[in-house]
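Order of writing sets the chain letters: A, B, C and D. Residues in each chain are counted from 1.
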Amino acid sequence: MTGTFQFADMLQTIADRGRRFLSLAPRDDENPVTGTTSLCETLLSSRGEASGMALAQNILRRWQGFSQEEQRAFMLLLLQDFGPDLGRLERAIEEYRRDQGPEALLELHLAAEPRRQELIRRLNLAPNGIRTLVQMREALLKLKDLAPELAAVDADFAHLFGSWFNRGFLLLRPIDWSTPANVLEKIIRYEAVHDIGGWDELRRRLEPEDRRCFAFFHPQLSDDPLIFVEVALTRDIPSSIDSLLREDRTVLPAGEATTAVFYSISNCQAGLRGVSFGNFLIKQVVEDLRRDHPRLQTFVTLSPVPGFARWLSGELRNEVSDALPDAAREVLRQTEEPGWEEREQGADVLEAALTTAAASYFLRARDPQGRVVDPVARFHLGNGARLERINYLADRSPRAMRQARGLMVNYLYKLDEIETNHEAFAARGEVVTTPAIRRMIPADRGSRGLLPAPGASSNPHEHEKQHKAPTESAS
Amino acid sequence: MTGTFQFADMLQTIADRGRRFLSLAPRDDENPVTGTTSLCETLLSSRGEASGMALAQNILRRWQGFSQEEQRAFMLLLLQDFGPDLGRLERAIEEYRRDQGPEALLELHLAAEPRRQELIRRLNLAPNGIRTLVQMREALLKLKDLAPELAAVDADFAHLFGSWFNRGFLLLRPIDWSTPANVLEKIIRYEAVHDIGGWDELRRRLEPEDRRCFAFFHPQLSDDPLIFVEVALTRDIPSSIDSLLREDRTVLPAGEATTAVFYSISNCQAGLRGVSFGNFLIKQVVEDLRRDHPRLQTFVTLSPVPGFARWLSGELRNEVSDALPDAAREVLRQTEEPGWEEREQGADVLEAALTTAAASYFLRARDPQGRVVDPVARFHLGNGARLERINYLADRSPRAMRQARGLMVNYLYKLDEIETNHEAFAARGEVVTTPAIRRMIPADRGSRGLLPAPGASSNPHEHEKQHKAPTESAS
Amino acid sequence: MTGTFQFADMLQTIADRGRRFLSLAPRDDENPVTGTTSLCETLLSSRGEASGMALAQNILRRWQGFSQEEQRAFMLLLLQDFGPDLGRLERAIEEYRRDQGPEALLELHLAAEPRRQELIRRLNLAPNGIRTLVQMREALLKLKDLAPELAAVDADFAHLFGSWFNRGFLLLRPIDWSTPANVLEKIIRYEAVHDIGGWDELRRRLEPEDRRCFAFFHPQLSDDPLIFVEVALTRDIPSSIDSLLREDRTVLPAGEATTAVFYSISNCQAGLRGVSFGNFLIKQVVEDLRRDHPRLQTFVTLSPVPGFARWLSGELRNEVSDALPDAAREVLRQTEEPGWEEREQGADVLEAALTTAAASYFLRARDPQGRVVDPVARFHLGNGARLERINYLADRSPRAMRQARGLMVNYLYKLDEIETNHEAFAARGEVVTTPAIRRMIPADRGSRGLLPAPGASSNPHEHEKQHKAPTESAS
Amino acid sequence: MTGTFQFADMLQTIADRGRRFLSLAPRDDENPVTGTTSLCETLLSSRGEASGMALAQNILRRWQGFSQEEQRAFMLLLLQDFGPDLGRLERAIEEYRRDQGPEALLELHLAAEPRRQELIRRLNLAPNGIRTLVQMREALLKLKDLAPELAAVDADFAHLFGSWFNRGFLLLRPIDWSTPANVLEKIIRYEAVHDIGGWDELRRRLEPEDRRCFAFFHPQLSDDPLIFVEVALTRDIPSSIDSLLREDRTVLPAGEATTAVFYSISNCQAGLRGVSFGNFLIKQVVEDLRRDHPRLQTFVTLSPVPGFARWLSGELRNEVSDALPDAAREVLRQTEEPGWEEREQGADVLEAALTTAAASYFLRARDPQGRVVDPVARFHLGNGARLERINYLADRSPRAMRQARGLMVNYLYKLDEIETNHEAFAARGEVVTTPAIRRMIPADRGSRGLLPAPGASSNPHEHEKQHKAPTESAS
C-alpha cells in the first residue's frame, strides 16, 4: 500500500520535473489543438522514450482544458493523422500478395494498426493516465453521436480497454459499511436501478447482516468501482422490490438465509461501454456466497423489465397483434390510464393479462435483428440464467410503472444449468424458462410469424424453451 | 488485500467447478496437442464466453504438462491455425482497395489481427493466467531458436505483454529486510550482476541504513518482481565493487550520504524479454531517493563492461588497430596472461593502457549495425546518463576479469541533462562523457574510419561527445 | 490485517464453544445478578484459567442485558464482595508492622489490591471485551451519581484503563474522506464543539486540501476513535469560526498555508473519562504537520470560552465587582438582552468592554479551588500554550452566544515555549499571554483580592504572565 | 499501516525535539545511575506530564548504555527509592484501622502501590518503550539471581506486563513463507525445541501445504513474536520427530490430513517470563484449524520429556525404587551406556522397560511440591490435554537422548474433554491418560507412598486417571 502511494507521488514528481525542463506549456500564439497533436507526434518519436511520462501528462492536462469543440477537433486530428502509415500499409499489402507467409502477415498486421493505439498506450504513462483515458473515451462516445466518423478512433480505445480491463486483471472486493467513504459516495452516484437517496439509505443497503455488495476494481483505479451488484439474503424468491428495500423490514439473520437475490447491477464507467464485466461478476459472487454461506441454495435476480411498456403500447396500437389475444388487449388498455394500479376491482384479471403479455414479450417478441427485445433479459439469458417468474406490481416507482407497468421478473442462476442454458440461448436462440411461464403462451400462436424459426415445439424435450435468433450477450 | 486473496481463491473455485461440469480432462485416446488446440477453438467461440475461465485454466494446465516436443507442436499449430482469418483478410484488402476510408481501414486492421491475440487475452481469464502466459513465452523464446518461424507467434505475445505491462500499470515497491521471504528468495535467484551467496549476504544488501533496493511489480504478480535495482548510499562515487560489498565495510549513517550508487540492475522475467522497464525504474528511484533524502546530490552507477575483453582481444589479434596505438598493444597483451593483475611492477602503465583502450571502446568502437558495442553502455547512454569514469581493477571476480579485464565504469545521471543527453545519443549517436575521458582519444585517430559520420568535432560545443549511429536503447 | 480479522472470528468461535459446553445460560430460577457475580467468582478461580474466554463473554453478555437497577445491584456486589481479601490484608498489615522490608511491602500491596482488578483483567479475555468494559464504565459513571460509594469500583476501572490506554499503546491515524464510513459516522456523532450536520458537511471538513483531521485509536478498537482534532490550514490566525466553516469559503492551496488552526477537539468515549489524550494528540499533530508541511510556522487553536457568560452574569449580579469597572458593567449589561449583537451602534464600545472583561476572566478570575475558571483554558494553558487573542463575536451560534457572549479565543502553541509555559502554569499558576491582553488589566486592580499571590508584576520578566494557583491540566 | 509507521516516526521526532530543549544529555561529572534515577523523579513529577516522551526516552537510552553493574545499582535504587510513599502508607493504615470503608481501602491500595509502577507506565511513553521495558526485565531477571531482594522490583514489572500482555490485546497471526524476513529470522532464533538449521530448513517447516505455524503478537511489537507453535498436518498420530521433519518425507495434500500435530511450542521473550500465552495459543489454533480444515479430527502434540532422564538416573541410583521393579532396573541401566540405542538385540525388552518407567514417571512421580515432575507434562495436562502415547526412540538427537533417553510423548487435545480434564488435574491432581498407559502401572504399587492421596482407584469412573497434588499450569 505504502509502495503504491509513494509510487503515485513519485509519478507526479517525475512528471512535474519533466514538464519543467521540457518547457511544454503551450505558447500564447499556439493553436491549442494542433499544438497538442504535435506533442502527440513527439510522444510517438524516440524522444518520447526519454520523457514519455512528462509528455503524456502534458497532453492529458491540455485535453482536460479543452472545450467540446476543441475535443472534437482533436479527435478528428487523431482520426486523420494517427491512423496507420498508409505507405507502409501499401507496401505490406504488396508484400502479402507476393508471399502469404507469417512474416508478411505479421508486417501486414503491424502496418494496419493505427498509430493511435501506440499513442494511447504511451498516454497511459502519465500519472493516473488510465483514469483520464477512460474519461476521454466517455467524451469521445458523446462526440461520436455528432461525428460518426470518429467510430474508428473509438474502436482503438475500445480495443485497448478490452485488453487492459481483461477480467484477469480485475479485483473483486466486498463493499460494506467499513468501505472508504470516497468509494461509497460513488456507489450512491452510480446506482442505476433503484436510486439510493443518501447515506442513511446506503447504510441500510450495506450494513444489515442480510445485505451484501460486491464490486470489480481495476488495480490502478482503486477508488472507483467498474461495476457493482447489490445482494439481499432472503428465505424466498422475492416478488417485489418493496419487500427488499422498505425501511421497516425485519433483518434476517444471515445464517437463516437460503436465497441470494441480485436486485441491482450497475455499470459505473461510461467510458468503458462495451467492455463486459457483468456476466463474470455475477458468477463470481455466486461462488463467493456459496463458499461463505453453504446454506445458500438459490441464486436469483429481481430485475426490471425496461422494454415492456414500450413494446406493449406498440402492440396495443396495432390493429391486430399476434402477441396478444383481443380479449387481453381490452383489459390491457386499462393500464394506460394513470392510477390503474390502485383499483382493486378486476385486479386479478389485470394481473393475468399483464403477466401473460409479459410471457409473450419474453418468449415471442423479437427486435428487428431477431433478438429478444428486453436488454436485461438478453444479459441474464445470455449469462445462462433462466426466466423464473413474472411479478405483478412488483415495483410501483414512477420509473417502473412507466417502463414496465410495474412488472419485475426473477432470473434464476442454477450453476449446473448455466452452461447448457447459455448454449441454448447463444447458439439456438432458446429462452429457457419454467413450464408455468411456458404454458401462458398458446402453442398455436407460435406459428404466426413472431418466431424466426418454425417448429420450436417439435422437440418434446424443449417444452420449456423458446427459440430466438442467435445473439451476443448484452449488458 | 483481503479482497485480493478472496478473489484468487474464488477464481480457483470457479475454475474448478467449471472444469468439472465441462468434463475437460483429456481423453485417453486424444492427441494432447490437437486436443488442446481444439479447446482453444472452443475458447474463442461463443461458448467460451460462458465458461472462459474453466476452459482457459484447462488449456494452461495441459500446457504445463507438455513435453518440449509437445510445446513445439502446440506453438506450430498456433502459428498455422490461429493466424488471421485469411478469407476475411482478403475481403478487407479488396474493400480497402476500393475505398480507403476509416471503416475499411478499421476492418483491415481487425482482419489482420491474428486470432492468437484474442486467444491469449482469453487465456488470461484463468486464475494466475498471466503468470503461466509469461512462462509460456519463456518457453516460446527457447523454441524460437529451433523454429524461427515461431517469430510470428512470439510477436503476438510480445505485443500483448507490451500493452499489459505498460509502465502505467506497474507498482514500485521498496525491497528491504521486512519484505516477505517468498519475494526475497526471488531477489537472490534473479540477481544477475553480483551474485548473492545466501540469506546472510542478502541481509547485508538490504538491512544496513546505507542500502536500498526497489523493484517493479505487476499487480497480478505481486510476489514476483519484474526488475529490481540495488542501491548503495555513499559519500563518493565508488571505484570498485569491493568497496561497496565487502563484509567488513563500515555502514554510513544514511543522513550523511551524498551519493546514490546503482550497482546492480536485474531483469527477472525471461518471458518479458523486450518489454523495457529499466529506464523508467532508474529515473523513478532517483526521484524517490531525492525526495526522502534531500542531501543526495549525485546519482551514479557502478556498472560492468561485459563486451570489453572480447573487443580488446579482437583488436589485439588484428595486425593493425585503429583503436589502439602499437605501444599500447604491447602493454595490453600482458593482460591476456593469467594473474597479470597481481603484478605490482608496471601497474600504472597497465592502468593507463587499459583505461585508454576502454575510452576507445566506448567512444569509437561500433558494432556492425553502427551501435556502441557495450550493451550496458547502450542502456545507460540511451537513458540519458553520461559516461563518467573508467575504474581500473574495480571487480576482480572471475567473471569480471574474463569479460572486462577487471574494469568497471560509472554512468552519471544528472536530471537536468538526461533529456539532452538522450537526444544526443538517440538522434545523433553522440556518447556524452567527461573531458578527461574525451582527452584520452587523440582527435586525429577520429578520422580513421571508426566514426560513421565525419566532422564530429566541428562543433566546438560538442567537444565532450562522440558520434554514433542512431540506436535504440537496449537493456 | 487478515490475521486480525481471523483472530476476532476465532475468539468468537472459541467463546461460543466454551459457552456451550459450560452450559452457562442462566437458569430460570436464578437471580440474574447474583448468578452473574457467582460466574465472576468462577472466573477468578482456577477453573477460570481453562475457560476464561467463555466465562468472560458470558458475564459481559449478561451485563449487556441488565436493567439499570440490575446494573446497580451488580456494581454494589462488586463493591462489597470483590474488594481485597480482608483477612489477608489484615495479616499483611501485621507483617508489615513487624518488618517493613520489601517482601512485606509487596505482600501488603498485593493484599490491598481489590479482587475487582483481576476480575476486570479477566473479563478482557472475552472477544471485544475491552469495548464492553468501556461501556460498562460509562454506565458506572452514571450510577455513581446515584450511589457515590461506587467511587471505589470506578477507581479500579480508571486505574486499569489508565494503564491499558497508555499513550505508548495508541495509534495516531489521519481521518480523511477515504476513511471507512463506519469510522466517519462516529466523527459526526462524537463532534462536540461545532456540530457536523451530515455527510456533506463532514466532507467539507475532511476533503479540501486545506483541512486535516487526526484521531487516536486503540489497536483493539480500530473502528472507534478515542479523541480527534480537526485542523484548518490558513494564512492567518482566524478570528471567527465562520471564516473557517462557511460553505462558500475559498479553499487555500495546501502549499500556501502558514498556519494550522486546531478548531475542534472532541473526546469520544465517555467510559474513558479521566484518561487524558488531548495534550499528547495536539503535540503529535503539530510535529506531523511540521514534517509534512515545512512552511507551517504557526500552530494555534480557535477555541470556545464555555465558562465566560456564567462568570460574567455572576459579576454583573454582584453589587460590586473587583473584576469589572462600574462603567464597563453598564455597557456589559446590554449583552444580557437578546439580539444585542445585531446592533451596530455602540458596537465598538461593546467589543472593548467584552474583550476586557474576558481578559479579567482569564487572568484574574479563579474558581473556589484557586484554578482558572475556564476548563478549555485550563487544558490548553496546562499543555503549555499561551493565550494569544480574544475574538469578539467570533461564533454567533446559539450555544456560543449563550455560553460565551459570542467570544472565542486563540491559544498559541510555540514548540520552544511549551515546556516553560507549562512549568509557569503548573508550578506557579501563571497564565502566559501577550502584552496586548496583559495591558487590558489595570495593575492596581490586581491587588483587590482576585489574585492568590500579590506581587505578580514585581518581576519585570514576567510582565506577560499572571499568577494562578497550581492546578492540573484538564481536558 | 501508513498511520502506524508515521506514528513511530513522529514519536521519534517528538522525543528528539524534547530531548534537545530539555538538555537531558548527562553531564560529565554526573553519576550516570543517580543522574538517571533523578530523571525518573522528574518523570513522575508534574513536569513529566509536559515532556514525558522525551524524558522517558532519555531514561531508556541511558539504561541501554549501562554496564551490568550500573544496571544493578539502578535497580537497587528503584527498590529503595521508588517503593510506596511510606508516610502516606502509614497514614492510610491508620485511617483503615479507624474506618474500614471503601474510601480507606482505596487509599490503602493506592498508598501501597510502589511508585515504580507509575514510573514503568510513564517509561512506556517513549517510542518503542515497551520493547525496551521487556529487555529491561530480561536483564532484571538475571540480576535477581545475584540480588534476590530485587524480587519486589520484578513483581512490579510482572504485574504490569500481565496486564499489558493480557490475551485480549494479542493478535494471532499465521507465519508462513510470505511472512516478512525480519520476523522469520526471529522464528529461527527463538525455536527452542527442534533447532532450525537455517533458511532452507525454515522453508521446509513453513512452505509445504501440510505445515502450519502461528504466533501471538502484541500490536506494539509487530515484528517480534511472543510465542509460536509449529504444526504438521498428518494422517496419523506420529511416533517420532524424524517422521515429521526429515528432508525427504512426502508432503501430504492438505485436504487429506485428519490430524494436526503440535510438534514445537516456543516462548520468545525472556522478559515476559511468567506471562502465560501457551494455553490460549493452542486452543485458538485448534479452533482456527478446525474451521479451515473441517476434516481435521485429531489434535495432538509430539512433545519432549525433558525431566525423564534425570528422574530415571535418580531412581536407578537409589538402592530401592518404588517406581521401578528390580528387574526393570537391571534392564534400564543399559540405557546409561552410550550407543545403547543402536543395539538391536533386546530392543523390545528395553522398549517395554523404558515405556513402563515413563508411565511411572508421569503417573506416580511427584516433585517436592507434590507436582508432576515433567514441566511439559504439567503444561499440557494443565491445559486439559490427556497423555495419549509414549513413543520409544522417537527423537535420537543428542539432547533428546540425554534428557529423555530418546522418548517423546503425545498429548491429545479433545475439545469436549478439555474442561473436565483441566478440572481433574487442577483441582484433584489427576493425570488423565489412556487405559493402555494406565495398565502399565500395577495398582498395588500405587500404595507405596508415591501418591499424595490413597484410594485413587476406588472410583470406578476414574480408572483412566491418576491423582496428583493440585498444581498450577506451567509453561
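A few comments on the model shown:
Just so we're on the same page, a residue touches a chain if its C-beta (ideal position, glycine included) is under 8 Å from a C-beta of that chain, and two chains touch if they have at least 3 such contacts.
Chain labels with UniProt names: A, B, C, D = MCD, Malonyl-CoA decarboxylase MCD.
Note that the structure is predicted; figures quoted are calculated from it, not measured.
With respect to chain D, maximal separation of chain centres occurs for A (centres as means of Cα atoms).
For the interfaces B-D and A-B, the C-beta contact count is higher for A-B. Between chain B and chain D the centroid-to-centroid distance comes to 51 Å (mean Cα coordinates, whole Å). Mean C-alpha positions place chain A and chain B at a centre distance of 39 Å.
Listed for chain C are no residues, as none touches two or more other chains. The residues of chain D lying in touch with chain C in their complex are 3-4, 6-7, 9-11, 13-14, 17, 21-22, 46-47, 49-53, 79, 83-84, 86, 89, 93, 96, 100, 102-103, 105-106, 108-110, 112-114, 121, 124-126, 129-130, 149, 151-152, 155, 160, 162-164, 166-169, 171-174, 219-220, 279-280, 283-284, 287-288, 291, 382-384, 415-416, 418-419, 422-423, 426-427, 472-473.
Interface of chain A with chain C (complex): residues 177-185, 198-199, 203, 223.
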